[in-house]
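Shared between the two complexes below is chain A, which has chain B as its partner in the first and chain C in the second.
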Partner chain A sequence: MTELPDGRYVDDEPFDPKANIQALERRDLDAPNRVLVWRKFKQHKLGLVSGIFLLFCYLILPFVGFVAPYTANERNSDYLYAPPQSVHLLHEGKFIGPFVYPTVAEADLVTFQWKFVTDTTRPMPLQFFCEGSDYHLAGLIPSNRHLFCAPEGATVFLWGSDRLGRDVFSRILYGAQLSLTVGLIGISVSFFLGIGFGSIAGYFGGKIDWVINRVIEILRSLPELPLWLALSAAVPSNWGPVAVFFIISIILGILDWPGLARSVRAKFLSLREEEYVRAAEMMGASSGRVIRKHLLPNFMSHLIASATLSIPAMILGETALSFLGLGLRAPAVSWGVMLNDAQNLASIEIYPWTAIPMLPIIVVVLAFNFLGDGLRDSLDPYAD
Partner chain B sequence: MSILRYAVYRFGTMLLTLLVVSALIFLIINLPPGDYLSNQIAELRASGQSAGVAKAEFLRKEYALDRPLWQQYLIWIGFIPGPQGFSGLIQGDFGWSFEFDRPVADIVGESLWLTVLVNLAAVLFVYLVALPLGVLAAARSKTWVDYTSAFVGYLGLATPNFLLALIMFYYGHKYFDLPIGGLMDPIYEGQPMTWDKAKSILIHLIVPTFVIGTSGAAAMMQRLRANMLDELGKPYVETAIAKGMSPPRMLAKYPLRMAFNPFVADIGNLLPSMVSGSVLVSVVLGLQTIGPTLLTALKTQDQFLAGFVLMFVALLTLVGTMISDLLLVLLDPRIRYEGRDA
Partner chain C sequence: MTPLLSVRDLSIGFGRGPDVVRNVSFDVMPGQTLALVGESGSGKTVTCRGILRILPKTAQIRSGEIVLNGRSGGLDLASLPERRMRDVRGDAVSMIFQEPMRSLSPLHKIGNQVSEVLWLHKHMNEKEARRQVLDTFARVGFPDPERAYDSYPFEMSGGMLQRAMIAMAMVSKPDLMIADEPTTALDVTTQAQVLGLMKDLQQDTGMAMVLVTHDLGVVANMAEQVVVLNKGRVMESGSAALVLNDPAHAYTRQLFDAAPAIPEVAELAPALVEEDLILELRSVSKTYRMRSQSVWKPDVLIHACRGVDLNLPRGKTLAIVGESGSGKTTAARIALGAEPPDAGGEVLFRPERGADTVAVHKMSRAERTAFQKQAQMVFQDPYSSLSPRMRILDALTEPLDIHEIGTRAERREMAERKLLSVGMNPDMLQRYPHAFSGGQRQRLSIARALMLDPALIVCDEPTSALDVSVQEQILSLLEDIRDEMNLSYLFISHDLAVVARIADEVAVMRQGLVVEQAPPDTLFYNPKHPYTKALIAAQPTPDINRPINLKLVAQGAGSPESWPEAFRFSGTVIPSLMQLEPGHKVRCHV
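Now for the complex of A and B:
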């Protein structure tokens, strides 16, 4: 690189005027598919940001106990329906690091509600890496260390507290563990069934195809939610929260597979006529091997994109079921269970912060949608 | 194949589907162990009230709950005679609700057509909103109109609609003085239809329609926009512009017609999700549709009531899908269906 006197930069490489500027570089032509996909995906800024955000969300799941200042079912009976507190940095113009003002609950004898009075004369700095209530890191390692917690004599309810005085912020973090994994388990079930039935129908055709196709049509024409309701009403109420959680996600998956199976079948119908399939069959490959090794890899990426797009529906489904009291039940914590508290207009009006769990739902669902769109656009790197 | 023959064929497949669906629904409802009456009997025994037990035992016999499941199903549908002879769904006997101790037909009564009304209003809303917005977003693609509608559309898809319902109710009441809850003023409940009652229902319909329709409208809008964009790139559009056609006229005359087919066909996907959405929203908003009835019936294992409501919801969906298929054939004579000699 040479800098000219007038401030421009000129490349020192020899210039070949005859070279074809349209020709792709050898490097690009030989690049493996995933490099090309990644290169194209990077251009889809919204998808990239959403992907990073979701990755961060899922990575943090095992460590929510550390990040959250309280545990999920820890009650503060002195602070029922406490409004959100903000973390300040400056007290009377002086910087003293992150701190909160202590609040005191007072009974309001006119409205019969607790009124929370903030004492703005005493800043109380937050403690970091402090000892608090016990939890299990990643569900295994017992610990009581928290990233931050309230100083003695004060509380830190970033997003307020609920009916029983539990911290909404901490509960949202704990709720993410269930709400975010419901989609993953459900989609695995749906993937398994969808690919299984779809490929059998598409590859073998004939009677099997007809039967599977009718089943798909019937399931697709049914309104999902009443069926979800009916199926989850069938879950015995004496089962533990973990069992209910698995059953709910499996139910969500069982009703989701027909869409996937249909697209798999359509692809198989066209792909099974390809020459490489005939070649593989002639060399004695079994049907299972042809399906797994020769056909499925062809459009696995498309399947992943469509799976990404159907996870949001499952997250919303879990929320709806739990909201109605047919899905997860307390003491399990999920976003839907939390929203159960915000079920009536009174709480929306008087305690609007109990509806805060809807924000993470909206954000996560949007992120999955954007990520799915980005993946879908970039999975075929050879298309223009 | 003439349209009439196709309609008959389509109606036949619908009936068959409905039959399979009924078996599925019956199975699902009977998944939980026990039934309403045996639970009640156990409860009565536990509390030592033997008087009620006899009645419950009698009802169990009366409704054939002591027979094997497959017989119960056939009796419920009306294929084989039950204790009172043929009296199943096809004979118009919807069964008995144990929870309310009244015939199912009495309980659902008015809520059936209110359910249809709510869903129809929502479908209309979807079309009325999605059509102009989708076309506008495509015609002014990559401008603020496009971005705004895309943003609103995404938000509509991502917000759980029961929450949207609560928020809309709150703000609708606060700023526009819209009524809260229900589908009509309580004074009109159970009254014969009058002009005032119709007006009250219309006003109460605003929020539910909006809430149920939003996500459907968002999805529909995005699809219409994509279809329109495909069409707008084609040479005939360029020709029309070159000949000096005004843009609105050109849009309406050519690309819109092409993009319209999937729009109608889509109702098959739209309807199931809207009907499900309306059940949920009705529960939250306390509408007098069959949604809340379904929820209580499912929770108390009131099997005939739950079964009938689920069947009705499925029927609503299937009929809607059939109408959309027929409309599609009317709209596009090029579409052919199996049944004709290939």
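Now for the complex of A and C:
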């Protein structure tokens, strides 16, 4: 600081009046959008953890047959409603690796219940990479290797068994295959319809917009559950479980698209005012090109976030339908089908472990919500 | 005399980043105005918000003291507890923000929002508060204070809202008023009136003012003291007369040189030779129909453009100047074929000298494609005119891709050439637009407009979102490439001083009508129309000795019914455009 005789202060550090016009102002923003989004998403710890968890869940789906000790519909008629067993490491203070104690069912002649008595004198170590019942790896490769199985003469029901003596833990793993993918198929259908109708309405406006908006309003005004019920009741009962599964997921998608279409339309309306869109139009770009090259890439991330947030609704929808007995049907296994067994209070009271399939539903739905939140927060990496 | 506000070595930073304001010191004397001047990113807004501690969450005041010697003795605002700070805000120190539309709550009546200050700080009852607010409203120039009291913000124009904001800041009779770019969002004539009002109020009440601005012209009209900021540091500070008459620091001089001013012209310019017109607008009108509120009332017709006739000779620049809502943008959109004019109007485009004209709104598909190559547009907002997802290369080659010109390699080479011609390095091609500053992005959008070697470019306020020094560079660039490539510009602007330098012919618009049209020198030497005179008078110049003539501004900027007899529009009677001198047309009754 220099003080001039007339009382002025002037900075005396060297100053270059010809600032370089080539210098980048925000070097940190010189990256594709996905890199910027990832950079921001990484800071959202809860979303990141949920994302990793969900990724793990989906990656494991083709290999559930290997992880599960039993197959989905394998019955142990001696162990109906067996309570959860725990895996121990120490027997009488001595380490002998993971093992289970064998249980024996005894009839209680006072309450007329089967009682499972644990024999704590005989530790029976679990077997690893053992041969068990047959399954198909990823639905294709036949195999009978399991990660672990019960030793000869004992059982390993980590989360108990159900009324037919099937292992709840294994069935939850198998159920994940359907319960987790129903959301993906549903969301693809809903994505396809939502983007299609939403972008047509938002881009062209006018009459088309009016018609699509009215259709959306009508669809949204229909009571959802009865409609699901009606549609799934219309599925012929002689169809196989896979066909029913596809129909259910498509039904869920068809009922979900209006919400997505609305947000797509709103985003289109605001993006259409952006000057780069007007610039492209003035250069002579066709509507298709403007939508594909300028509009879609710029709100794809919004769509992915809103899709992530609507997958839980699909999963819950499937569960609700199957719980009511109108969705998937045995022998297909899904979390909803399993909960169907836990419909009355008495069975939950006596056999609380039959309600365990609620846990994965809660965890997965929460994880999707956290992931969606994290994505939504990191969508606009330019806002600072 | 003790200063009212004394800021010493103030440093402010965001998060863990470096200081954005470093060791800033200044004093504000009672009753005086201090101007904080700087470009975007200079830290001027952060400094003035730091005084009231209304900084964003991540920002902290890192060092320094802010001493206010106001009505309640000396207070260090930098270390005052939050509870006591609340008593200061709005009472001893009040603030006016840049966007009046966004600083008032749309859900509350204006009177209510202003009285809140009195309820909070003076503990007045509703009746007393109302009376005092009405007084203040009358003082800030509301013609009908009662009505203003019961209006909602969306019922008022920007200028009126800023008056309401001033009333809100004034009503508690503060010692110090901080105004953060109070007139940047306003039209130039409104700006002049608001500045005049602020000056009057200050003289009446004796309050001091901190005025944040980027415009040295505003400084010259308002301030006694100036602090010039650049990158968070004080470059120069001292009395306004000294700093503006003889800038001591290179940065001040740069700002001073870049400030647009209306030149003093000694003689009339010759009329523009109108042969070989590239673009002709012939009696172009545009009427929008607004559905009326009630079924029983007829729809409201809005005349955005009324009988606009404009000719643009090849290689020249025709500027359309007017306030927001004057119809200048509509005229440009019609000229480019983005919107059809009402029946009876037509736009003719002549691709080459001597060629046949094409009617822009009656083109066949092939003609339209050819026209889209010939006519391009440069947009106002450099931040939204480039898609954030596209690399510069893709953005620049997009027009070639659309019109299927050249191979990949040829397109790339073309993009490199155009980048060089707008003064950027070709190695920028792989970068993304968000890495660039506003000025750089505007260069990139100019490069994109040049990609198809057009003959005509419509510039829609290309510099109004930029800092003055950058504005100067962009205008020079536009002039250079026009002369080099024989381009013709249709230049839309609200700023006569910007247009003064680049235009060959200026059309001044008001309410959809061209009110005066002439080459800029003629316009400045001999403005005839009261609105043109108001525009010229309202332009703040960075010269202490040329203050804004508020009387001229008030006369011309009012409604067309209040203009002198010869120019008045009354009802449906609109005077026609008369030729006064060769090349100088004015809308007046003879």
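As a convention for this text, the second predicted complex is superposed on the first by the 343 of 384 C-alpha atoms of A that agree within 3 Å, B and C clash if a C-alpha of one lies under 4 Å from a C-alpha of the other, contacts with A are read in each partner's own complex, and residues count from 1 in each chain.
Here is the rule we use: a contact is a pair of C-beta atoms (placed from the backbone, for glycine too) under 8 Å apart; a residue touches a chain by one contact, two chains touch by 3 or more.
All values derive from a computational prediction rather than experimental measurement.
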Once the structures are superposed on A, label A:L324 by its partner contacts, choosing first (chain B), second (chain C), both or neither. first
When the two structures are overlaid on chain A, which partner does A:M283 contact: first (chain B), second (chain C), both, or neither? second
Please indicate which partner A:L231 is in contact with in the superposed arrangement: first for chain B, second for chain C, both, or neither. first
Report for A:I60: first if it touches chain B alone, second if chain C alone, otherwise both or neither. neither
Which of the two partners, first being chain B and second being chain C, lies in contact with A:I208: first, second, both, or neither? neither
Overlapping contact positions on chain A, where the chain C interface meets the chain B interface: none
For the complex, give me every residue of chain A touching chain C. 1, 4, 6-11, 13, 15, 17, 21-22, 24-27, 29-33, 274-276, 278-285, 289, 293-294, 297-298, 382
Where on chain A is chain B touching in the complex? 214, 217-218, 220-227, 229-231, 233-234, 236, 312, 316, 319-320, 323-324, 326, 339, 342-345, 348-349, 355, 358, 361-362, 365-366, 369
Which stretch or stretches of chain C touch chain A in the complex? 230, 233-239, 242-243, 248-251, 253-254, 336, 338, 368-369, 372-373, 376-377, 379-381, 384-390, 395, 398-399, 402-403, 423-425, 428, 431-432, 434-437, 439-440, 443, 445, 448, 452, 473
Provide the residue numbers of chain B that touch chain A in the complex, in ascending order. 17, 20-21, 24-25, 28-29, 31-33, 154-155, 157-160, 162-163, 166-167, 169-170, 180, 268-269, 272-273, 275-277, 279-280, 283-284, 294-295, 298-299, 301, 306, 309-310, 313-314, 317-318, 321
